[in-house]
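So that we are looking at the same thing, I have put the structure below in structure tokens.
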């Protein structure tokens, strides 16, 4: 095994992921089903929030993955910028719709949760607001990818957007915090034992988070494979037209 | 079968239904596109082999 | 470099639209809002800072696609890219011209429109300060967005979509600064943040924009 | 200084158009690029001018030595002839547009807005820009489009004056310019359609 | 005549901007306002009807100059004027296409944006009703303004200024209708007025617009 | 039908450029307009095509019989070659763009976006538009700009086919097209600077 970078070779990447993907898919399905079934059927109600607490098993994992997907895109973009490995640019492209879906799930479940808890579907709470902005970033990123025809130019431009966007996303997070102290829960997943929610909620939540992480990885790998093939198709077709 | 969700049944079930629907859509779309692109690529490569 | 700035200003003044459009739009927005919201002056004065900032932002957004598109179409962007001035300088000058023709008129017109919206007199100074501090950032960020989308189809729509989230921090701190000023609260933090955003954007974004332009000219 | 191009490949839209281009241009000489429509003359000139990266190969002269005149003239319709020229003179840090105006017989039109020029007059203005760049290597893409016979003569004189003062010129053209210069048919460098056998080549 | 309508719709959907632009702009305005005004949901729900109506109006205003300008520039307006269909019909079809590509999407998107602005749930129905009744008038009035200014330079700016006062009654009654609906007051009068304005505008303005077009084509 | 122009004056920017222009063009014939840059060829063609009013004089053919091809090609950059042509075919109520594509050797490029064409390919597309208008009188403003020799031949063939089917063509050009057609030098019609004696004449 020469180095990690050899997996940036498209062919090698397809081979390796082709072997890994089925295993990963099964694992993902298992974890997700176990976590969600556990959360939905076998957890008690919260003494204050009643049954709505069950929404947490969707809400928190999707919220975490929405942020992590953007981070992954940032890293992949930087790799493209520095080492010019095409697979990493395509992986960033592949991750964006997954991240957008996660953002949408977090927003929707939050809105549904907010109705009984806060008495409103939507409040301009900092965390909610910054998620809305994150959703806008995803939309812009995806739109830019699909608007540019030359794939290398698209990779370069989206990389610039991703980098600048990350800075501004952080900035808006602080701006939004400063703008409004919100209704939303603070972080309760800290390692600090006293602060944590009870284990009955905590363990299934961890399973769900693991499920979402696995789902994200599986989907990104699958979609990256698709992007690689699509890229080869367009290259071949262009040559055919030339000849 | 479905646990007693009390007065929040609608909200909880709605949240699960919506989220799972979104996830299924995403997974389905990804798999459908993967299959289609794969088929296209195979066709084109086959055409190239035939034409030399 | 100064030559580029003065040419862009001359073009904006002469060629119609570039100069008045942003200002006219700002005026339209602020005149319409009282009609829509109703004449209750307590509410109006409360929402005035936000409306004025949103109006300014929309006025900027509308005029953004002219920053590079015209030069791209008639080929002068190619010539500028091969000229002995750095492309970063070109971007900076273009953004400066945009600010002088769009942002600056907004800053100057804002107090008048503030009166229309019953903005508290105490907030007037803060309004001008916040716009003066914030609009340069709007122009620079806009120039970055315009550089990303120059030469694309559906460029206008895409540009708005790309730039909008980037405008958020500026808008938030700007409106908050006026609101706090009007309420007599401490304004130190938003002022500093606004100035920081503007300085940071002016210092760094021209490089990102120039990189994007190079890719798009390829 | 001379311009040496060796083994240059250039691409448009991600597809190689020309491969293995090589030539040398000495001070005081001009080179005419010939070849049918769409063979890649414009692409070659843009690559040499530094507007797009080369796929491979070396160019001895830096883009800063090159003045490029494209198919489009880059004129601002609402600025006058003199204003358009003055702008470029300032950008390139040279002074005095009078020589350029005289060389292309634009003195009478100096105060006319560019949008009120005829096609040939616009082109003359576009060519006059070259004189205010003060750069040694001119790269011209079909410079005589729309020019009448008298203007083509003016253009020939301008080129000769430039070459006599030690400049160089690389000119893509379809028609005969009456210049005694070497000709280079770029058709010989046409890139072969790539086979793309190895999977990874689609990403090159 | 139907051919003209379907051509315009196809062009709007395909050629970039025409279709999404109005809707995107509406979205942008309504998302920005809370950021500017602040998160206080009591204030937001009070100004929501006005903001939504102003947003819809601005979205219309922005897309107006496309109604005739593009066809004028490429000469097809000349051909249409000499074609065997009345110019009044051309105007009506153009206005209809504008409404279908701009007004209708606004009507459909309004409830979602109403949620973002904390519009009272009771008012949601009234919002949709008022927009459905009012936006056709916006399109027809806009077509009239566009006919007046087609072929002028600085047309966009002039168009906004001309059309703005004509939009006032629609805006006033529209926002009032929603506000009353939200407050549970009688909504009969503004509903009737809005419907009346729309019917009157649709019946009469095409003739005025056709006359203006004939003068401009001379 | 024939095209008779008599005593036509045309103006640009409010100033008469050509005066007393007169000629007759019979079906099956072409007429080449010659003259130096800025003499008013473009102005004359625009006037005949009905794009601007004449100061004086008569034109026998209505603008509905004329297809005009200007210096600019009027292509939509984001539409493909086929889409651009189809659009014009529908506007002019004709059907079938295949003949036009074949005549200008554009079949291979049919799906390429107009912005990805080379200069000569763009021009060919601009000329192909003439074939889908179905109109008898063609007015061409420097049609062979940027075309290589092969494309000029294609253009010549298209013109001859049009003339043979009873069409007419009026072509402004600076270079030799290899067409055997009458030539008309418009320099003879150059408008004299007016005296403007009576005050009211400034308002004519």
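In order of appearance the chains are A, B, C, D, E and F, and numbering begins at 1 in each one.
Quick note on the criterion: contacts are C-beta pairs under 8 Å (C-beta built on N, C-alpha and C of every residue); 3 or more make two chains touch, one makes a residue touch a chain.
Since we're looking at a predicted model, the values are computed, not measured.
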item	value
By number of C-beta contact pairs, the top two chains	C-E
Cα-superposition angle relating the copies chain E and chain C, to nearest 5°	180
Centroid spacing, where centroids are CA-atom means, of chain B and chain D in whole angstrom	53
Chain C and chain F, separation of their C-alpha mean positions in angstrom	44
Between chain E and chain D, distance of the C-alpha-averaged centres to the nearest whole Å	49
Where chain C and chain E are represented by their mean Cα positions, the distance between them in whole Å	26
Two or more partner chains touched - positions in chain D	13, 71
Where chain B touches two or more other chains at once, by residue number	none
Residue list for chain A, restricted to those that touch at least two other chains	150, 179, 232, 236
Complex contact set, residues of chain D against chain A	13-15, 193-194, 196, 198-200, 202-203
Chain D residues touching chain C - in the complex, by the definition given at the top	46, 49-53, 63-64, 66-68, 70-79, 83, 86-88, 90-93, 129
Residues on chain C engaged by chain D in the complex (per definition of touch)	2-4, 7, 10-11, 14-15, 71, 74-76, 78-85, 217-218
Chain A contact footprint on chain B (complex, rising order)	3-9, 11-12, 14-16, 18-20, 22-23, 25-27, 30-31, 33-34, 37-38, 40-41, 44-45, 48
Footprint of chain C on chain E - complex, ascending	16-17, 20-21, 24-25, 28-29, 31-33, 35-38, 43, 46-47, 49-51, 53-54, 57-58, 61-62, 153-154, 156-157, 160-161, 164, 168, 171-172, 175, 179
